[in-house]
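Below is one structure; the comments refer to it alone.
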Amino acid sequence: MPLATFAGLDEAVADLVHDGDTVALEGFTHLIPHAAGHEIIRQGRTGLTLVRMTPDIVYDQLIGAGCATKLVFSWGGNPGVGSLHRFRDAVEHEWPVPLEIEEHSHAGMANRYVAGASGLPFAVLRGYTGTDLVAHTATIKTITCPFTGEVLTAVPAITPDVTVVHAQQADRDGNVMMWGITGVQKEAVLAARRALVTVEEVVDEFTPRPGAVVLPNWVVTRVAVVPGGAHPSYADGYSVRDNEYYQQWDAISRDRDTFRSWVDDNIMRAGGE
Amino acid sequence: MADWTSDEMMTVAAARALHDGVVCFVGIGLPSTAANLARRTHAPNLVLIYESGTLGAKPVHLPLSIGDGVLAESADSVITVPEVFNYWLQPGRVDIGFLGAAQLDRYANINTTVIGGDYEHPKIRLPGAGGAPEIAASCREVIVVVRQSRRTFTDRVDFVTSVGFGAGPGDRERLGLRGSGPRRVITDLGVLEPDPDTCELVLTHLHPGATVEQATEATGWPLVVRDDLTVTEPPTGTELDVLRALQAGAGGRKPTE
Amino acid sequence: MPLATFAGLDEAVADLVHDGDTVALEGFTHLIPHAAGHEIIRQGRTGLTLVRMTPDIVYDQLIGAGCATKLVFSWGGNPGVGSLHRFRDAVEHEWPVPLEIEEHSHAGMANRYVAGASGLPFAVLRGYTGTDLVAHTATIKTITCPFTGEVLTAVPAITPDVTVVHAQQADRDGNVMMWGITGVQKEAVLAARRALVTVEEVVDEFTPRPGAVVLPNWVVTRVAVVPGGAHPSYADGYSVRDNEYYQQWDAISRDRDTFRSWVDDNIMRAGGE
Amino acid sequence: MADWTSDEMMTVAAARALHDGVVCFVGIGLPSTAANLARRTHAPNLVLIYESGTLGAKPVHLPLSIGDGVLAESADSVITVPEVFNYWLQPGRVDIGFLGAAQLDRYANINTTVIGGDYEHPKIRLPGAGGAPEIAASCREVIVVVRQSRRTFTDRVDFVTSVGFGAGPGDRERLGLRGSGPRRVITDLGVLEPDPDTCELVLTHLHPGATVEQATEATGWPLVVRDDLTVTEPPTGTELDVLRALQAGAGGRKPTE
């Protein structure tokens, strides 16, 4: 088994994220890998298929910067604030580039990651029935129970070329530990061909913690030490959510020029995080 | 002139709809506010599930996102997102699911996806489904909380994101949806409930100060008013105090700030 | 939601376990609810369909005592020792009563519980292909992926009338906490119509623990306080596995009369545990 | 007269088959002993997965069951049994799976279910499948460890519990089995490996002191002996010391007891 190696964020993104890749940045409100998203923008990746249950600010930035041509998602808003203006502008006006969308529900997306992590081509759930999503999303089909004859819903596995997550800690061998709300990150990492994990810090040894998830170094490709790499999201035990940033993003993202100069000042000129 | 706003009345009415001990699937915003108000007043044993994976959360202050640390710290257990949907929501273990709506039709079908144009080129692109379709399908009951206006209460939704009663009686059964669907639509003007025979939403309650004319005016279909139309009890002093303290302290702010 | 109530083990078994029920006693080497199994024998239940991934000593006793007419399982041995003689006697010589078997693999059984816990009629896995189990077990069928056309295996959900597990602690509200190796217990409880949990002790408040599983009181039917209720299995933090008992069981269970007198002395005359 | 038993030789040979750093799915008994011997000698970074849900277990003494506390205490993480099979075994993340056998045929198909009579009325009812069918299907490689005798090494198994090479070349592919199947059958007499062309198990190694005649006599089909038949290196003093200390301390017993 190839083991995880350490690298700088710039080098790790250069190695693992290629133009045209299917990329999943996961983190459910907590532990969102913002710094890695900024590095992808800085390196000017294009043609990405972005996968994420809740494309919030991190994907609004990637979409507005023109990195993505397709979005696979289940909820695209600014949590507690409102719209994602760059996402809307891309869908409503094809700016800066047309954005194809593949739209699901949370239950569907979660099960697609589970199927990917399980080495199965699809997952079964009770979902979507009666909604207009069925008519507009090709990756929603019916499947019949071979025992009861009941008709249920099938969705295909998600298997990203690369999954990026942020965690609290890695040990010196590249094993990763995260705790708090861990959402669908384990499944997203196990479903991917390559996995990049940014961490708050490296420790000699993990302290067992309630609710901790450990990713062994043989399912992680690269670890990059990026303290604060989740900001404006947070890392339980290291930082708190920057709720003001989420509110300010509404004004920053509303206007194309304001957004662009924000990207220039805060991402392009900022250098590696 | 009442000493409370119509939004406060709406939130209080939503909180009152939550009986003590029920298991409630909560989204951020008004539903979370209402659920936490209920937990601090008449329903101390309310079980709150947030889709971020916090089971039995007892937040000391209003969370500003479904993933706030305060939810994880106070939860009976923190589980994965797949587990929330597969082990807890899908089998019908949740009593009440709260939903909002950008558009709502007479059969309580909900649109949170697109408005205007067509799906590929919408006039307005909304956030989308999130957990709503399966909440609407699997919770024993659904409560919709939304401000009432002709723009929102439309005869037909542009996109069915979450199913209420579909095209009318029998549709939920035909679709194999196991929950009983929306039992109440709570607005800033009053409360609508599905007619037992037609499944059409009819006006059953008016909030103090609101009129049938206002409600009819704010509804995009010929609104039926039930004969036994009753007026909602106004918010009590306690309800208002707790609600305002909750909102002042949202996100962990000191109410004094 | 009906909440868990406390009861004595005898009362709880009398209320929840009925003749002819489908009953799952789970616990994967650790936390096996032996005391509850003994109480079922003491109350003379018959016609049970017993479900368990690893029917070890606890089911050897129930089968030998004539409580079961059907066994749904994936591995029937005495771990680290050898055969289950009562199980073999029932299958090979229909003693004391004929025992119908429904045989699966661990992966199949685990997924059947997952389907039950998820409110789905079946689960999909890569399993059984090419084995003779397919020809002998009716609850193994094929299913085709609606996206790739790949043929996989489907198994039906397990939904026991009652699941019985042993846990370390309950709080005064009937919430349950277990830790250590928790196997498939959460799924077995969530898949069941009724759930009986025996616990080592009742505590005022749970201490969050690494790897702890919490079962809220609204998915548990009864809690019975039975210290040592897992013996000869163990409860991490409370007891150690009685390996000698497992070795001695080989001799005790080999002979019908020895077994019967053991049951009389150690279960029937023992009274409630 | 060697100062080691044929079982010790078999265990040492199995341990040597585990290269450092590989991920190994371990069952109780000889496989667990061999894996822990390897971890204490040439393969300190061996990753042990027990089906009870202990990922990366580093037991300080030999466990007597797959659920011993020592496995949970020493594991990188303890996961549920469904997760072991769905997230870790099924996707092919495990390099090597160890299997035993009550019967084994020339194509390394394994029977651990029933012997004699028919399935409903067997002469001998064995424990059954456990995790074996999926271990045999999904691990990158399978190593079978079993004492060699004519009763065990049968021309045809009474029941196929776990698939080796089915009826011969191409069968694993036809069945959609993703792992490469049994690469080695390690016995108390020597080592058998599948012939690259026929998939039939042929004798490739003899343990010191064992003869081709013994091996042939203990095999229920005409045993092919490979031209480059080699003799296994006898156990080193270190291997024997570590192995005997492990076995003396099994279950946490003080080796002095």
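The first chain written gets the first letter, and so on, giving A, B, C and D; residue counts start at 1 in each chain.
Just so we're on the same page, a residue touches a chain if its C-beta (ideal position, glycine included) is under 8 Å from a C-beta of that chain, and two chains touch if they have at least 3 such contacts.
All of these numbers come straight from a predicted model, not from anything done at the bench.
Counting only chains that touch, the fewest steps needed to get from subunit B to subunit D is 2. Looking at the partners of subunit A and subunit B together, the chains they share are C.
Each of C-D and B-C has its own count of C-beta contacts, and the greater count is at C-D.
The distance from the centre of subunit C to the centre of subunit D, with each centre set as the mean of the Cα atoms, comes to 28 Å.
The distance from the centre of subunit A to the centre of subunit D, each centre being the mean of the chain's C-alpha atoms, comes to 40 Å.
Multi-chain contact residues of subunit C (touching two or more other chains): 119-120, 125-126, 150, 186-187, 211-212.
The set of subunit D residues touching two or more other chains comprises 77, 86, 90, 138.
Inter-chain contacts, as defined above, occur between A-B, A-C, A-D, B-C, C-D. Contacts from subunit A toward subunit D in the complex involve residues 1, 3, 117-120, 175, 186-187, 190, 212-214, 216, 218-219. Across the complex, subunit A meets subunit C through its residues 119-126, 139, 141-143, 145-148, 150, 152, 154, 156, 208-212. Subunit B contributes residues 28-29, 51-54, 64-69, 71-72, 77-78, 80-82, 84-86, 89-90, 113, 119, 121-134, 137-138, 159-163, 166, 171, 175-178, 251 to its touches with subunit A in the complex.
Of all residues in subunit B, only 21-23, 47, 55-56, 76-77, 86-87, 90-93, 95, 138 touch subunit C in the complex they form. Every residue of subunit A that touches subunit B in the complex is listed here, in rising order: 28-30, 53-54, 73-77, 79-80, 83-84, 87-88, 91-92, 103-107, 110-111, 113-114, 125-133, 136, 150-151, 180-184, 186-187, 211, 234, 236, 240-241, 243, 246.
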